[in-house]
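Below you'll find the structure, written out as structure tokens, and then a few comments.
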């Protein structure tokens, strides 16, 4: 019987969609056709932006493994599932209305509805990147929207209800990510103020990182989390770090939105910062704990990548090195001192790495940015423009404040309606079995 | 002694090859040199097609892990080995004669011998893509030829003899894949009929999927397969799904054979369909089994990717969503109802996902295709052209019929000469040890 | 207290760096700005070189897994850590002085200091590739510098001290890699002699492979290495092989430094040689040991990729096949006969695969190279130019001699100051715990 | 009270479990072990190096029963695990002095079942 | 001398270890097992196929003690492992005849501790 | 009949097996365990958090022998496993009542070997 209903849905579905298609898509499509000349865009830029989009998409599975290797064996599928769901749910949210809220002409705070359902988003030159078609710009940005909520997962891993996660991340994407994206990149007030955020220090890392802090605090500690906090599969974490490093070239160098000199410069900064941060973290551990660890090195690399993100297209190699070295010191302190001191349980250090890193990187952009590297940017304090540093501070802390407030409200809202945390028994059993009916590995065969 | 013979071969080999080289390659090469001006091709398109080719190559290891995680621990190397052998054997088959049979001028049914050993395949503009060199077109197509037989592996996993697998897939590539490729893309009768298959719904997914059904039925059920059908390493399956999603951008957006608007549109459709299908599968499980699973979500994503393949360059976002949603419903039913009902043991649902998905996608292309998206295509039924839907039906079912018949004959042939199935003892022991003398993991150390 | 010092460093660090910045970077940067017109470079070539650089970067994590799966469970993090450290340390070494020593104008033996700290390396056309910006050429070359020392890891895996590894690889990069790179690609004496090395047969594989031989011999055998030499996680090795194959397209086809016909030709040679070598290795095992193994097939693929590297942009498909087939025979003999005969313990066959493969490939380039494929190259012996074969011999053996001598000296040097080998207890315990305070996997939970 | 330890072929676990349930023996503990017995080991080959891995993967069952259940348990295992070829495994019977159910604190016979 | 074998819930291992240390029982051997008991198994679902995995993950402790330590050990395990719900597990007590310390060659009572 | 259970260092397994074969003891069952003994645990560090993993990886051997083989077996294990440092492990000897060979149904002494 139930299956009959399915079959009906099957048959109904394409037709229903077609109704929508007829109603909505055709005008959009014709807009495409009309705008199609687009002689402006060249195949080199398109090629680079297509592969960059694919690289950023790959970062979400990369993150899934980076995180998944660190949790206990009984929770890895829970983490992988949350990351994959971000790929599914946010991709659709973005196409349906997220892109419009972020980038359609609107007020200083939020975008309008002009691009809803990708209406008016065709192959004409993109408003924010006339050298590529609008739809390609939208695709590239979609991958950013996907990974940002996935970053937060690290904070509440091993104890969040899956249903609550979906609703929470949908709301969060709409009410935190989309507005912030509009503020900084979509014509909003921070952009007008002159805030520089090359590839998402504010939009991606501050927002996700501080949301992580808030949720980690409110959801509370894991039960028994002293039992065996040892990562169940560190090679997976290293694999994830490798894929993240690889994908981050699309993230940062792709953010120049063209295969040009700024992309090259961003690519270089990215690699230098990652390398310097990885090495620094290892050295700190060596000094402090007697031996450098693989997990520390991988964490350092990711912290360096996150921190250089807002600065990557604006800085030279010395700025990149300074960012790389300092970020590992800062993040190491955050992970090793802040967390124990304030006793929140940020399972996988989403705040310590992305929140702190994003904040630090955004501020450092205000120090090291140089118009010699990117004439479209501004000079930072070290290049004689203290004003930019101020602007960066305003941008960063406005984002922090907004994120913290709205995330807390959203969390509480979801908690009232659904309950955010799984009950004790499910937590003890592990999310793989209790939330997904599955086991990651067989024990005997 | 034996080693002496090796040494002789070593010394002989380059010289023998050189004979061939002198006899065959030089003319081919000179053709290259002559055609070398090729001012037509631009570096942007070349760049995109090179990386797309690499992306599609990566899909085969991706598939290996997608499949490999699902089998029992004692059989994973068997699966990985079959996938890797497709990379080795079919790459060579393609270069030696497969490409010629598929794309050289011939009759409606099969290509000629003009391109044998890549004769006449140089840097001149490709006949089917004048904007890129012929050799690049051939390379891109090679990666499709590689992954298609690898898809079938899912059907007979855990019980096929390795020697039989090699012979079978070589024959199958030559007698099923190459002709179908010619029919649809190489100037054959289906292409003349006007069948639309953007990136391989018929050529890749219907052919592999229905071959899977046939082999699963003939080879029979696994022994003891109720013992522990639980996937031995689901994270590997998720890793595979992630790599497939990533690589599929090369598969679909690369199939526009240029870094242009159609590529962008195909990229977008691909991502939307994958997202919609992943979400839909999870929702169905949620309704039907109480909880959404990671395996279901990954399966849904792959089903969505497979299904949107033939349509990807012809449809708008609403078509992509309709395809994504409906494919998960259809494939879920195929996997959950058809298989138990007809009691064949399609180990990893190669038919349920690729066969059904490819068929569904090919038909849906006949509904949702629009000239507004791709002026080189035709309109589908929903855009006022019912004829195209008919054509798609003819194409799909002709491919189904041909594949089923020839695959069955080939299977029987191989069975007579080599025996396709391993004996009971080997199956119980697992293919890793019994066919490859190896173990995937150590148990103690 | 200690933490206070950290905080001070934190604050000091950007400022110190800025001093450097002011002193060094600004001129470099202004050089960039001045040279910025660079109308010569086009977005298609830039796009291809950016993604190629990213692909080559991915090869190091790929190698980490290729190697990591082969060691015992207690040593995998040791291997992963060494590979990641190559990414961190050599990236910085390259930017600070490695690139200058390799490519700045100098004498026949070593480059000068003109490019130190990337001074004078801006967006002007690259001296060795005028179609792309200088910095992009430098980035692409950086990834080669990173992976080369990482290749050596295979030789001394499971027993080298981590501190010694870092110092050794830093010295080795500076005193072996940088000079060799200068000899062959940076205007040194071998380049002047006319040696052909398309993507690093001499520079990468001979250097790393023979360094591997030397270190394996001097460091001595593993203790208890007969206990369970079985690879602890073969799927990881296969994953690594898959990522290497994928990344190698960037390595070889990227080495044409443009998205052009030579890149296409190199891409094709790469795939053919990998396929032929994988198949050949499997066939040899089948004949010799009764069954083909997954490890053998993966090893063959990597050997084929390594061997075709120097020839990839100069040869046609028959040359690629000859190289693929012969390399597996040669390397199989090296791994299976040479190693047992001379009783060195090259843990993961870094010499047998890369040393022998690189040597063989460099010689074969002197046979199969053809100006019809790449007019910038020379003809090989089989195309009527025996002189080229001689030149290749000189180049290869000069590199072997230099590498062997300098590597041995460096090893001894490090041994005197730090001790290269871990003590018995640490070796027994495994490097993960004894050198990095970590375990790769949990046993119970 | 006895502790019965059985080493069986991995693929016979399902059959053994079915037989035990038929015999009303529902409580058991299982793990994976490596065994060296009369059965010929498997040869593995890694890069040309032959290795006769003489340890084979087996399943170890631990079943504690009261004395009146011993025979039924042994029969069930024999029926389920037997293929008639070397490698079928062994059953070891150990004396057991006492048993406690953690949840209730029950001791002795009643705790076993 | 006795060998005490306890099957407990995985997440209670830490508590049990703490209780044992308090009772001055410091030597033990642990591994992971699958158990079938009264506790309801977990249902797993793979591509729509329901599978009632009736084997649950448990931890098995093996503790060898001299006779005067038996009660303290049992109490410690009971205290640490008990939640009061099915699945808490069992303790089995087996007689042991002798014990050897490999390092010193000591035998008997002195070797156990 | 005895069941001999030995806990040894992982890297001594090969030596122990060789000694056992020399002593004509060919049948054994092995698995991996974690042990807490006198040996100092290993400190692991994850993101700055020190964790004294007091459980060390060990190998557990289970060897069932007839009474006349007990001494030879113990000697073989002692010879093969001894390094003289803490952590070398222990051997426990348990009484065994009976043994069955599944393949043949043989019982008692003859089934053990």
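Odds and ends about this structure:
We call the chains A, B, C, D, E and F, going by the order they appear; numbering starts again at 1 in every chain.
The rule is short, and it goes like this: a contact is a pair of C-beta atoms (placed from the backbone, for glycine too) under 8 Å apart; a residue touches a chain by one contact, two chains touch by 3 or more.
Source: prediction; values computed, not measured.
The minimum number of touch steps linking chain A to chain C comes to 1. Interface matching across C-D, A-D or A-F places the copy of C-E, with more than half of contact pairs shared by residue number, at A-D. Two chain pairs, C-D and B-C, are weighed by contacting C-beta pairs, with B-C ahead. Inter-chain spacing, taken between the CA centroids of chain B and chain F, is 50 Å.
One inter-chain figure worth recording: chain B and chain D are separated by 45 Å, centre to centre, where each centre is the mean of the chain's CA atoms.
Residue positions 13, 30-32, 34, 44-46, 53, 94-95 of chain F are each in touch with at least two other chains. Looking at chain C, residues 42-45, 47-48, 51, 228, 230-231, 233, 239, 288-289, 291, 293, 295, 332, 437-439, 443-445 sit in touch with two or more other chains.
A complete topology is adopted by the chain contact network, contact being made between every pair of chains. Chain contact summary for the complex, chain C toward chain D: residues 229-231, 285, 288-289, 291, 293, 295-296, 299, 332, 335-336, 349. Contact residues on chain B toward chain F in their complex (touch as defined above): 443-445. For chain F in complex with chain E, the residues that touch the partner chain are 2, 5-8, 31-38, 55, 58, 60, 74, 77-78, 81-95. In the complex of the two chains, the chain B residues touching chain C come out as 2-3, 6-7, 9-10, 13-14, 17-18, 20-22, 24-26, 28-30, 32-33, 36, 38, 42-48, 50-51, 53-54, 57-58, 60-62, 64-65, 68, 76-77, 80-81, 84-85, 87-89, 91-92, 95, 117-118, 123, 133, 135-136, 139, 142, 162, 233, 236, 239, 432, 435-442, 445.
Interface of chain E with chain B (complex): residues 44-51, 53.
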